[in-house]
Every structure is written in C-alpha cells, then in structure tokens.
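Next up: some structures, all given as structure tokens.
In the two complexes that follow, chain A is the common piece, with chain B as its partner first and chain C second.
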Partner chain A sequence: MDKRTTPIAKIFLIAVFLILYVPIFFLIYYSFNSGGTMSHFKGFTLDWYRQLFGDTRMFIIVLNTLVIALLSSLSATVIGVFGALAIYSYKRRAKNTLLSFNNVLIVSPDVIIGASFLILFTMAGIQLGFMSVLLSHIAFSIPIVVLLVLPKLNEMRPSLIDAARDLGASNWHVLSKVVLPFISPGILAGFFMALTYSLDDFAVTFFVTGNGFTTLSVEIYSLARRGISLHINALSAVLFLFTIVLVIVYYFISRRSSMKTMGVRK
Partner chain B sequence: MENAVIIQFNHVTKQYQNDPAVLKDVSFEIERGKFYTLLGPSGCGKTTILRLIAGFTEATTGDIFIDGKKVNTIPANRRQVNTVFQDYALFPHLNVFENVAFGLRIKKMKQAQIEAKVKEALSFVNLKGYENREISGMSGGQRQRVAIARAIVNEPEVILLDEPLSALDLKLRTQMQYELRELQKRLGITFIFVTHDQEEALAMSDEIFVLNEGKIQQSGTPIDIYDEPINRFVADFIGESNIVPGIMIEDFLVEFVGKRFDCVDQGMNTNEPVEVVIRPEDLEITTREQGKLQVTVHSLLFRGVHYELSCTDEDGNEWLVHSTKKAAIGDEIGLYFDPESIHVMRLGESEEDFDRRLEAYTEEDHHAK
Partner chain C sequence: MQSKLSRRIYLIPYAIWIALFVVTPIILVVYYSFYDLDGNFSLENYRQFFTAVYLKMTLSSFWYAFLITAISLLVAYPTAYFLVRTKHSQLWLLLIIVPSWVNLLLKAYAFIGIFGKYGAANHFLEAIGIGTKQILFTDFSFIFVSVYIFIPFMILPIFNALSELNPSLLDAANDLGASRWTTFRRVIFPLTIDGVKTGCQIVFIPALSLFMLTRLIAGNRVITLGTAIEQHFLVTQDWGMGSTIAVFLIIIMFLIMALTGNRKRGV
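Now for the complex of A and B:
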C-alpha cells in the first residue's frame, strides 16, 4: 500500500475499470430512454421500470430466483461447512486429494455441469423445474463454500480444540463454541459467494429448468433473443443495484467480525 | 497413603506410528498438593507426558491412573485436570471474561455464580478490570495470566503448565515464578510444570523429574538432584559442573587426575571406574601449594555475583570455578575442595540402584550415631 503507484499503473487500472463498468452504465443509462432503442437517447422516462414492476410474471420470476438463491446458498453453506470439516479431519494425503476433487468442480465449465445434471435428473426421474434447479444450485455451490471455509480451518491452531476439550467441552461444544465461531468469516464469505453464484447462474439453470419455471438470467436471455427491449435494461439495472447492496452488506458484516479478531490472525 | 497419590504412570510407553518411542517405559507417582516440575531438553517428551495426563493422546502401552482410577480411555473433557498451554491457546473470538468463563458455561453454571468466580480468578492472577478486553489487546504476560485464570477457575485437582513462562522476558519471568509458586500454595492444588530451564525448576519445585530421551533420569527434591546427580546428563543439565573420569579405589577414597582424594561416597566395587562431579562453586582458589589441584587460569568472566574462571590442569581437564576472588589470566593457582564436595557417579546406574545405595549408607550413618 505504501508503495507509490506509477502514473502508468494508475491509468491502466482506471482503463480496466472503465472497460468493465462502462457497458453496465451504458445499459442502465438507456433504461431511462423513452425512445425504445439503444441507439439514441430521446428523453427521460421511468416507463420501463413501471412496466417491469407491474409485470406479475416477472415478479414471480424474481421471487423464484431469490428463493432458489437463498435456499441453495443456505443449504450449500451447511453442507459445505461439514464437508470442509470432514476434509480437514483427514491426513495430509487424503486431504489434498479431496481438495483437488473439490477444485475440479469449481473450474469445470458450467455447460458440462449443467449437461451432466440434466442427464442425472432425467435418469433419476426427477421432474425438471424448481427441485432440479434448486438441487443443481446447491451442488455447484458446495465446492465454493468448501474452498472458502477450509483455509480458515487450517488457520486455526489445533491447541484451541485441545483447550476446549480440556475445559470440558463435548464434541458438540467444541464445534459450536470454538470451531464455528472461529471459521465464521469463511462461512460468511462462502454463503455470499454461493448467493451470487446462484443469482447469476445461467448455463446450469438453462439445462436443468423445465416448463413453467425460469430464473432471471434465463428469462433475460430469452427476452434478449426475442429482440432488444429496454425492459431488459431496466431489469438489469435493478439486478445490478441488488448486487451492489449485497456487496455492501457483506462488507459491513465481514468488517464487524474481523474487527473482533483483528491482530490475532497472522 | 493411597489417597496422597493423585496421578500414577505405570510403565507407560508412547509411540507415534512407526517412529521410535517418544516415552520409554515411564513410571512415576504424583502426590496431592505439591509443585512438580518436568525438566528436560527440547523434544525429550515433556509435552507428551502432559498430553497423556490431560487425555489428548493415549498411551501405546501401560496404564495411567488419576485419583486411583484408570483413565486410559477416559476422554479429556471428563478428566479433573486443566492445562495451561505452551501457546496459551486462548479463544480469539472471545474476550477475557468469556475465555475464563468458558469451562463454567459448559458446566451450565448460573450467570451470577460465573461472574463471581471469573472475577475471583482474574484477581488471583492480578488481572482485575481486564474483563472486557479482547485477547488481541493483551500483552504476552497478560495472556499467560488469562490462560492460568481459565484453568484455575474450574477448581481442578491438577493443573498442567506447559512452559508457560518461556515467552516472557527475564524480569517478568522471575516475577511470574514467584506468583505461580505463591498461587500454588494458596490454592493447595497439584501443579505439574514443564520447563527446560533448570534454574526455574530448582527455584519453584517441590519435586523435579529430570527427563531425557523419553526416560526419567532422576526424580527428587531440587536439593537432592543438585547435590546428588545420578549421572553425567543430570549433573550437566542441572547447573554447571566439572565432570572428570575417576576410579573408586575403595569406600571413601577416589582417584582422579592421577591423585587420590578422600570422599564421602561408598557402596561401590573396589577399583570401579566412575565419574566425579565437583560443582564450580565448591572450588576455592588458593595458592598452588595449598591447593589439592594445580591449574592455570585461561579465561575469566564477570558474572555479577561472582567471577567465572575457566582453568586447565596438567592433564588438560577443564575446571570451571565460581569465586568472588579474582585471578588474572595465565595465573597458576591451586584449587581446594572439601571431601563432601566430591560427588561420585557410577556409570549407567539405574535410579532404583542409586536410591538403594544412598539409603543403605544413610542407614549406616544412623547406626554409627
């Protein structure tokens, strides 16, 4: 931090952020266009938003997306934390192998994961719809949670567990009073990461969703295919705002929990 | 008599996987209300013994008894023993109060009672008013006291302390030595204290166990161990000493550096090869003629209370002398010592044999009187 950044580095940084953010702001800007196209700005209007919020079908889709995101990230967090605890309890060799299996799931393309889930669900006879989307979201979120929780576990000194047992703690107490509080920043990060992954997932959902059930990203895709409508812009703007709110919430929660243990973490 | 013993090790061996054994057939007894010290170099198995008592690991063979009950398979959370860890192991997500209250909360004690007990424990270790501090805001010495408070608040029968003072500076360390000893006397519970600092062990303990390479070399009061070390390792480890090879000519007569000296040791074979120990502070500087040994001074260190002279005799043996008298480098001086200052050690004598021999001739003394 204390190293002065050179002007070139600054310009580079600004350029990168511009390239990443300008399209988003461009999109949001035209969501207020009364002209109906993205080519020239005719006048300011909130019509697109009015239309969006008056659209019950869209409202249900948003609700679907949120329910799926919350349910899947919560379940994935619970399962992922226990998965991380299990991996942590293994000896080094087995630990590394398990971790590699975990990481393969993270880096493998969504299309492949989506396709394989589709095959699995059809073979298992699970109807495509809410359940299949939820299950697949849980499944692809678990490795993310594991990846974020495991480093916190490794950071924890084993003597803390000994100390807790020494003071009379049962297995349950060790877990609930020492281990979980210690790794809570990792759990929180895992939960939010799973939440955003689920919210913006397109590929996997596209494969496993059936008739009558869609999520936002799939809906936007099908809208966009039908032709450009500023409807999409308004929707994207709302989604973007929601993401920003999530980031801010995460920032405050994690700052509060890290302030408590500040200076202890190496 | 049976009730006095609180912890007993019965031929305990500990081995990790296929490594060589860390503890080799260790047996000892620990009595209620005393201050014990496990003393030995790094890696000799001190922490392992504490972990066996606390229940964090299991013995490979042998039995461990606490309060007359075999505890080999009883888990740590159901043993009446608390530990102060080498790295303190305080919970970073809890403040000082909650750290100390941890054990009491597990026992589901009432809030008012918890508050009273935690307050008392914190004032015991001079940390009144620190209840709401975060652990990260405490100094090393303060953390150590929190760790002690967290152990004593549970009123265990035994407290295990694993090198709790090793991270502190000399002054704080000396102060904490007094405080710990004082605390142990006030509480009247058994302390088992681990250190590799021999001065600390001598200053604080009722009983010392000297360990090396997974074996108890010698156990006894600080004075016993200092005055009558059983072998070269103990003599060397406990304080500084001059150790030279010798021959036990007969009872009360030993030969070393080519001369014969009167001594007070007995019960050995005639002409048995032995090792002879003389402590540096038992050597007095005199003239060449009056000295029993003639040596040349080759270095001199001022140690505050005394000078430390390093000398060599004609055979090339080195003699360390602690004296308030000064001598110049290159001086040829004589060293005088009493027959009582000579301590003769048999080679490879076991602790049982050693004790038996010592007992045999103290009894003779009684008969003579």
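Now for the complex of A and C:
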C-alpha cells in the first residue's frame, strides 16, 4: 500500500481541518472585539468576559447545565452497566431483542425523542422543568453507556469468572472484584459520552423544559435568535476551553485505568 | 454461570427504562396521532398528511437530507481515506472529532456571524470582486452548515472501516495488475461499504429532522419534517398533527435502518 501522503492529499486534509476549525476560532477571536459586532475588529477588550462572569442569570444556567449533566450521566452509567450485565447474561434471542430496544433511542431523531417525552411527561403529570429535563437526559444516555460497556464484557474471558468462583468468591465479590474492574474502561467511556451527550443536547431539552428552567444550549438558542451578541462569543471561548480540558482529563484517566486493568489481567 | 437471581436484579432497572422511555413514548405518539385538535378520535391528521402541502414538505425535506448526506459523503470519504494513511492517524482523527463536541448551537451561531451581511464571507467576496451577496437565509447556507455539522459523524465510521481493511488485499490487487482506480472501485470501496452505510444512516435521519438550523440559518425558508413537528408541538399546540408527522418519521427511520442494515461479511 502507498503509505506516503501525496501533496493533493495534504492540501485536501488541511482544507478540511481549516473548515472545521475556522468557525470556532472565528467566534473566539471576536470575543475580544471591543466593537460589538462579528464583522469589524475594532480593538482588544476583555469586557465581554467581564460581563459574562458578572452575569448571575448565566451563572445559574451554567450551574443547571452542569448539575443535570453530572446527575444524568451518573444515573445513566449505573442503569446502563446493569443493562449491559443483563444483556450479557442472556442467550441469543433475548439478547438481540434487548439490543434492538436499546438502539431505538440511539437512532431516533432528537425531535421525536423530545416530542414523545413531552407527551409522556404531560400525561404522567410531571411538571416540565428540572425533573423532566433530568429524566430525559438519563433516558437518552442509557443506551450509549450500554453500547460502550458491552464490548468490554464480551472481551472478558469466562474462565476469569470461573476461576473466581472456584476460589470461593460470592456473586457480589465476582462482580465487584473481577467483572467491574475489568470493564471499568468501558464504564468510564460510557460516563464521559453520557456527559457530553447531556452537555450538548439542545433539541430534547428544548421540548421538555418549561418556562422556569433553562440549560445552556436552550439559552444560546434564544440569544442567537435575537442576533449577535459578543457575550455568546466569550461564552463559546470558555466552553471550548472546558471541552479541551475534558478531553485531556478523559485521556489521562482512561490511560491510568487501562494500565490498572492490565494489572488485573496478569 | 451467573445465578438467575442476580440476572433478574440486573434486568429490573433496565427493563423499567425500556418500558417507560422506549416503548411508552412510541405508543403515546401513535395514540396522539389519531386525535384531532378538539380531542376527538379521527383519521383527519392522516388525511391531511396526504394533501399536497405536507407531501411537498416531506419531499423537500427528503431532498435536502439527500443533498446533505451526499455532500458529506463526498467530503468525508476522501478525508477518511487520506487520514488513514497519515503517520499519527489516531491523533488526527481525534482532532476531527473535537469540533463535534463544541456545542451545536455555538457552531450555528458562528455561521450567523460568518455568513451575515457584513460577515467574513461577504468581506471575502468583496475582496475578490464578486461583491456582497445574501448568504444567510439561503439554501446554500443551510446545506453548508448542515454538512459542516455532520462531517465528523460521517468520517468516523468510514475511517474505522478503512483502518480495518487488510493491506495485503491491496498488495494482491496491485500484484495482479489492477490500476489504482480499479483497486479502489473493486476492492477498497466494496470492503468499506458498511462504514459508508453507517455514516449515511447517522447523517440522513438527523438531517430529516433538523429544526434548529432551519430557524437560525435558513430563516424558516426550509421546512423539514423536524421543523414541522416542532412547530406543531410548541407553537400551534396541535399535538395530533405533530404526532402524525412523527409517526411517518419513525416509519421512515425504520425503513432506512432496514435498507442500510449491516450484514456482516467475511474478510
């Protein structure tokens, strides 16, 4: 196989990278603009950041978003791990049925999830707001956790469990000392994926959030509909930094935990 | 191996989730689709769906989704193809994925600035002598931004398919005298078709149901199935009609999944 990258390939890749990153850096660049528009860079200022950090309403919204993301991804991880263990323990037919149910929410468009959950919460009498948003975020994060944990379970050699049982381990010990440590990289990946799903979600939240409760995505939407405000640019710079930090944290934790599992494997 | 009891304990929370959040919502959507605005049972919504207005909207929604998917594929395939051949391909892949973690709304917002009347794109057009054009609120901007958003999701499965490709097959094709184009057409593409299918599925279904971009970028000029559902649920409060459109979207979704369903093949 031709392993060299030809100049055409290089130019093509550079173009794709530029297109992907230019809009993001464009936003960040204008967050330092004292001019107040995204078209003419007048002078350097940090006013937009000052305004952003002084904005208590925005602070509460950020807090809401983080609380929802953490609570929903933690709950989804717990239920998802249980789900993966259940699917793993079943044989072919039941396994495939469960997996198809699992995938429904993954392939469903956000609008459908949002609309159907709106009907569900209204009929169940759950007030739209914190609770409805939290429940829907847990609901759409569970299948992704299952999908990330299941391959790890399948990778595990059954003899590992047999060995633990032969040595007299109880069910609880097999689970906590053998199975969970082995699948921990999958659990971690699932947790982080659920976290990003929740942080990024707009459509579902937009449907099931009432008047009193707002998350970041919904707030940005209503701000953006009103037009350009460099306040959003400053916010995007902060969020971009946060994303990068999250990626780096995930990278290091996953490296450490994979090293630990290696230890167990030996 | 595992006792029946523990298996049951594992299943309980998960089964409750399936019952409450997977099965019930679909049943409720179907149920609501049979009720008109006054809460009477009727087939009125379905009759209305088959009138010219809604059929035209469905067709145009399909056409946009098709264009978005096709253009994404045209950009994503070569990108994935070249990417696999770079030295630190995993690192580059990560860099492709990072923009997809930036909040969707912020990306849309960036394009409001770039494509706006006095935005960067118009500055550029001015500079090369074409002059200021209306870019925002056109079909072009809608498709461009949608492709921009979906590209990482198309690249990922194709990249995975390409990196699983056994390089000795390419050597074999080469030894047997196949030209590079023939190798691509007869060996590489058929063997990565599953990645392409997954990518198309990941892009096409959401593209049918975009509603935020149609408002922010296309200025309500483009109405997709998603926009119509959102309109009915949150603006006109006609949940029956919204549910009817949702039922059709669900049917289309299952059809597409069946169509692009992955059959595992050898090699």
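The criterion applied here is as follows: the second predicted complex is superposed on the first by the 250 of 266 C-alpha atoms of A that agree within 3 Å, B and C clash if a C-alpha of one lies under 4 Å from a C-alpha of the other, contacts with A are read in each partner's own complex, and residues count from 1 in each chain.
The definition used in the following text is that contacts are C-beta pairs under 8 Å (C-beta built on N, C-alpha and C of every residue); 3 or more make two chains touch, one makes a residue touch a chain.
Being a predicted model, the structure only gives us computed values, none of them experimental.
*Asks:* By the touch definition at the top of the document, which applies to A:19: first (chain B), second (chain C), both, or neither?
*Replies:* second
*Asks:* If you stack the two complexes on chain A, which partner ends up touching A:173: first (chain B), second (chain C), both, or neither?
*Replies:* Touch partner of A:173: chain B, not chain C.
*Asks:* Thinking of the overlay built on chain A, is A:162 touched by chain B (first), by chain C (second), by both, or by neither?
*Replies:* Both chain B and chain C are touched by A:162.
*Asks:* Give the label of whichever partner, chain B or chain C, reaches more residues of chain A.
*Replies:* C
*Asks:* If you stack the two complexes on chain A, which partner ends up touching A:182: first (chain B), second (chain C), both, or neither?
*Replies:* First partner only, chain B.
*Asks:* For chain A, which residues lie in the overlap of the chain B contacts and the chain C contacts?
*Replies:* Common to the two interfaces on chain A: residues 162.
*Asks:* Show me the residue ranges of chain A that touch chain C in the complex, using the header's touch definition.
*Replies:* It is residues 1-5, 9-10, 12-13, 16-17, 19-21, 23-24, 26-27, 30, 37-40, 78-80, 82-83, 85-86, 89-90, 98, 101-102, 104-105, 107-120, 123, 136, 139, 142, 146, 158, 161-162, 171, 175, 196, 199-200, 202-203, 206-207, 216-217, 220-221, 224-225, 227-228, 232, 235-236, 239-240, 243-244, 246-247 of chain A that touch chain C.
*Asks:* Along chain C, where are the residues that touch chain A in the complex?
*Replies:* Spelled out, the residues of chain C in touch with chain A are 1-3, 6-7, 9-15, 17-18, 20-26, 28-29, 32, 75, 78-79, 82-83, 85-86, 92, 94-96, 98-99, 101-114, 116, 118-120, 123, 148, 151-152, 167, 170-171, 201, 205-206, 208-209, 211-212, 215-216, 225-226, 229-230, 233-234, 239, 242-243, 246, 249-250, 253, 257.
*Asks:* In the complex formed with chain A, which residues of chain B make contact?
*Replies:* Residue list for chain B touching chain A: 51, 54-56, 75-78, 81-83, 85-87, 89-94, 102-103, 106-107, 134-137, 150, 154.
*Asks:* Could you pull out which chain A residues touch chain B in their complex?
*Replies:* 157, 159-160, 162-170, 173, 177-178, 181-182, 184, 260-265
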